[in-house]
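Two complexes are shown next, each including chain A; its partner changes from chain B in the first to chain C in the second.
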Partner chain A sequence: MARVLIERRIDWYGIFFAALLTLVIVFPLIVVGTWAFTNVWRFPSVIPQEFGIKYWQMTLARADVWSSITLSLSLSTVVTLLSALICLPAAYAFARLDFPGRNILFFSFLAGHAFPKFGLLVAIAGIFLQLNLIGTFWGVVLIQLVGTLLFMIWIPVAAFQAVDRRMEEAARDVGASPMRVFWSITLPQAGPTIAAAILLSFVGTFYETEGAWLIGAPQIRTLPVLMISFINNQPVIQFGAVLSVLLWVPSFIALLFARRVISSGSFARGFGA
Partner chain B sequence: MSLTPANDIVGKNNGRGLTGLLLVAIPVFLVGWMIIWPIISAIGRTIWLPNEGGGRSFSLETYGFFFTDQYSLNNLGVTLWTTGVCAVLLVLICLPIALYLRFAKGRLAAYVQGLAIFPMFVPSIILSYAIIRVLGPNGTVDLLLNAMHLPKIRSPYLTPWGPVIGLVWDNIPLTVLILLSGLGNVSNQSIEAARDVGAGRLAVLWHIILPRISNSILVAVSFTVLGIFSAFTLPYVLGPAAPEMMGPFMQRTFRDLNDPTNAITQAVIAFCFCIVFGLFYVRSVAKNRSA
Partner chain C sequence: MSVLDINNVTKRFSTTTAVDEFNLTVGDGELVCLLGPSGSGKSTLLRMIGGFETPTSGHVTIDGEDVTRVPPEKRPTGMVFQSHALWTHMNVFKNLAFGLKLRRLPEAEIRRKVEAVLELVGLGGFGHRATNQLSGGQQQRVALARSLVLEPKILLLDEPFASLDQHLRERLREEVRDIQQRLKITTLFVTHGQDEALSMADRIVVMRDGRMEQVAAPDVLYREPQTPFVAGFIGTMNLIEGNVSGGQFSRAGFSQPLPIADGPAVLAVRPEALSIQPSSNVDGPRIHRVTDYGAHAIIDLELPDGFRLKATVRDARAWTNVRAATLTPQAFAAYRDNAVVYRSGTSA
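Now for the complex of A and B:
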């Protein structure tokens, strides 16, 4: 009897989906990873003829790779800092203060997601053209900053609203000042979610390709933009593979820290589900 | 996503209204200047064209050109085709995964969920590169087929199917998350009740589950359409040079042909095709908030 029960509970659907998704999602990335550590891999052989890190040295010796890495890191840092500076106080205001037009203004941040993104970028580029912002660092900063607004306001608003008001009131009752309450009660509770939002916007900005390509290229060459030109014009396959592995590092860090926020339902609800 | 009703949180302090407005002023200004204004200006600039007299006058010339130019129409056609095929494929692929995840428990389900969300952490430029290495000419699939003495595949790279494969891959996580969140509203009791009166799996799916998640399916489709209609990176790298999708087409018109007026016309046309999905998306987020 017991054996029959256990056999009936084999999760065939699960095995099917796990195998299929492993093949479709993990396999292509393993291929790229293999290429990055390959010195020689000519056509008919199923596995590389020679493994090695020869191309890591060659890729990292290229001036265009280094300048793109520095540019991408400084762009993402500037955009994330500016975004935190303007969005976090706004998020606190949306969560805790009342002011005229609060609801309408809160939902106005959805506007950027209600239009096809590249069309919007072209419309913005039309305005930047008149302001001479095309091909400049600050033009790209502005366009990427707008891309972070929704996340950097909506996720922290949810975080501030989730803070237990009774604890704040209790602290006030025993004589803590409003600033003290904010630092000792509100921030520690809202902190992890806000940190995840900041991390997501850093990583999102790091990978932002379309704005950088339309507004910045060819003067502003971020890492993803450089990757496009490697794919289009670079006959040495390994350069692209090494760059892919390098490019993926921030994503890996985000994966480690942000999984909790993303698997919780609030993330999908942010998209209107 | 919701805001706490204002009367719960407000002190009776009147000065707070101004403080609140000041705190939100910069992000709201950015939305106005970088989203609302470009859209209004885009429409204005494409229907008030410069005339010989040096001023501007009303004209639909650029729109007339787009809808009579066979090349533009082909690009629009391939964009609509790609968007439609991707939306259908995404629902067909993600609905079974979401259904499985809704009812399964344990480590295998956690693994499947982890994999389904994983593409969110793979930037589309790495994805493009991976697809070229795997499905491109002499890619890994060709290597494996060759080793088994089978003929090579007809590579989807640089055909309209290249962007389709990439865009579906890229959009799996959000579609699964949105559908899964919708399935969270289907109670176990309603399914058990239907089972008790003898409904089969398909009947439960058709009569109990699908009606309850139809809104989530529409949200997922809207999100997909908005994302794919003007996708740039994947079609630019993986797609054919002609016909090209609206994203690369707009980019080429704007930068390479240096013709912003026609590029913005193409953008406005893209807005018009997506307006229904955009409005539906905003409406369902707003409705979700009041629930």
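Now for the complex of A and C:
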């Protein structure tokens, strides 16, 4: 038997960047996570003097926390559903139909993201004020809908374009109506990538703060908005820490879900890779 | 009993005419090949029969019923695509059952039909497989089965073997021909490979620029091509452009008696019909290269003006040291203005 010696080079650069990334991403998470389960932690101690869930009890005992959790969840669900309802047919049209102004309309969805968002939001807030939408649930839904348009149009467009036209023609050939072809062939083929887009817009909406705060305040307070006001107004760090740990829950669930539904290539395909 | 009738069909896209006043009748149980270079309109014609394109003018009828404007899902046609176009989110069984389910057949009958057709294409027991677990040839068989299971009146095949390797192509060719003859299904087959057309078809339609150049049985097409294009497209053919003067065709160092009126003409001779004798006259046709294939050899000849011809000989060794030759066409055809004006012998 021939023995082959393979010299394994140690990739020092790779290790360095991996370590750096870990430090930058994980370290703040550890600090916040630690704060959430700390009763007493005074300078200059490196480790908290007293661990505990005292602040969890205090936070979860607050009515405004619970109402903002339900509000955030229902807001994100409504926005994502509406967005899918509006954007998926539009994306299909962009992908498959040729109509005047197609390209300009397609790129117009970038406009909302190409300029400082706050200026745009203030202008919209002015209009909403006249329409009596400020401080209402549906006002926030509308403003957050704008934020999801880019993902929910661009990614599904790429997904629909990636579906082989011959597959659709073969389905017509065996007797499927155009509607049936869409439901049985096009949508399942584009499905995983569209699921990725829906997930992105759900999570994006859940964490959105600028629009929710500007349009919703003070009556409508989502979980992230509440967290910001806790951090700004309370001298106690733990309230903010507990809330931000709470905020990880939906994105963690979303990630678990994403791993099952979405193959690793779907996101990349959605972005045209 | 299914007859396909294509009547004066024209398809114009914005700037080009893909199919130009095309007429063809495909008889019951007949397999007709549409053969032509890419861009000759053969695929467009097939797509019009399948319902994926609408003719600009003209009519398509199946068993006397006009289907020109009937959408594909309502036509009694079954199409097999070049890229097989299997639905990758369904397994083999579901791919085949989809069309039957749309026809609301009972579950047991669907199961029976799918298994029977899988058996027919040699894939019995493959129903549970995912489409990406199949080889290229198996995928194409499933695509064929998907069309056959619905028992279409007309089977349409759009270069179904183009993405397969040579060996597999030859095998599938025979299989498809066997199945077609067993089911006696009227079939239209698009290909740009002449081997495929010659070995499978009852009749071949040679297409060029959206028009029919010639339609004939394979043996007739090979031996009696009606135009220089068909002559050059089917098999290997020496197409010698020259001039006729006083009953003599000539071109740089080569001449041949040809009893037609004076003027330009194209002489078509198959390599196997061009007999050659060694010669010492190096001002005439010269031997450029001898390629030995064992059973026969191909000799490349060059006329003094640089024009190249091919001739087939039995034994390469007799020609290794020969530098020039005289040419005698045993069978040939002469064309003028795109039509046959003279034919001698049957093999050209």
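As a convention for this text, the second predicted complex is superposed on the first by the 244 of 273 C-alpha atoms of A that agree within 3 Å, B and C clash if a C-alpha of one lies under 4 Å from a C-alpha of the other, contacts with A are read in each partner's own complex, and residues count from 1 in each chain.
By our rule, a residue touches a chain if its C-beta (ideal position, glycine included) is under 8 Å from a C-beta of that chain, and two chains touch if they have at least 3 such contacts.
Only a predicted model underlies this, so the values are computations on that prediction, with no experimental measurement involved.
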Fit or clash - chain C, chain B, common chain A: fit
Contacts of A:Arg166 with chain B and chain C, given as first, second, both or neither: second
Per-residue contact with chain A, leading partner among chain C and chain B: B
Contacts of A:Val174 with chain B and chain C, given as first, second, both or neither: second
Touched partner set for A:Phe239, first chain B, second chain C, both or neither: neither
Which of chain B and chain C A:Phe202 touches, first, second, both or neither: neither
Touching partner for A:Phe151 - first (chain B), second (chain C), both, neither: neither
Which of chain B and chain C A:Tyr55 touches, first, second, both or neither: neither
Where chain B and chain C come nearest after superposition, their Cα distance in Å: 7
Of all residues in chain B, those that touch chain A in their complex: 1, 3-4, 6, 9-10, 16-21, 23-24, 26-28, 30-32, 34-39, 41-42, 45, 96-97, 100, 104, 106, 108-109, 111-113, 115-134, 138, 140, 143-144, 146-147, 169, 172, 174, 177-182, 184, 216, 219-220, 223, 226-227, 229-233, 236-237, 246-247, 250-251, 254-255, 260, 263-264, 266-268, 270-271, 274, 278-279, 281-282, 284-286, 288
Complex contact set, residues of chain C against chain A: 50-52, 71-74, 77-79, 81-83, 85-89, 98-99, 102-103, 143, 146-147, 150
Of all residues in chain A, those that touch chain C in their complex: 164, 166-167, 169-177, 180, 184-185, 188-189, 191
Residue ranges of chain A touching chain B (in the complex, touch as defined): 11, 13-15, 17-18, 21-22, 24-29, 31-32, 35, 43-46, 86-87, 89-90, 92-103, 105-120, 122-127, 129, 142-143, 145-146, 149, 153-154, 157-158, 161, 207, 209-210, 213-214, 217, 224, 227-228, 231-232, 237, 240-241, 244, 247-248, 251-252, 254-255, 262-263, 265-273
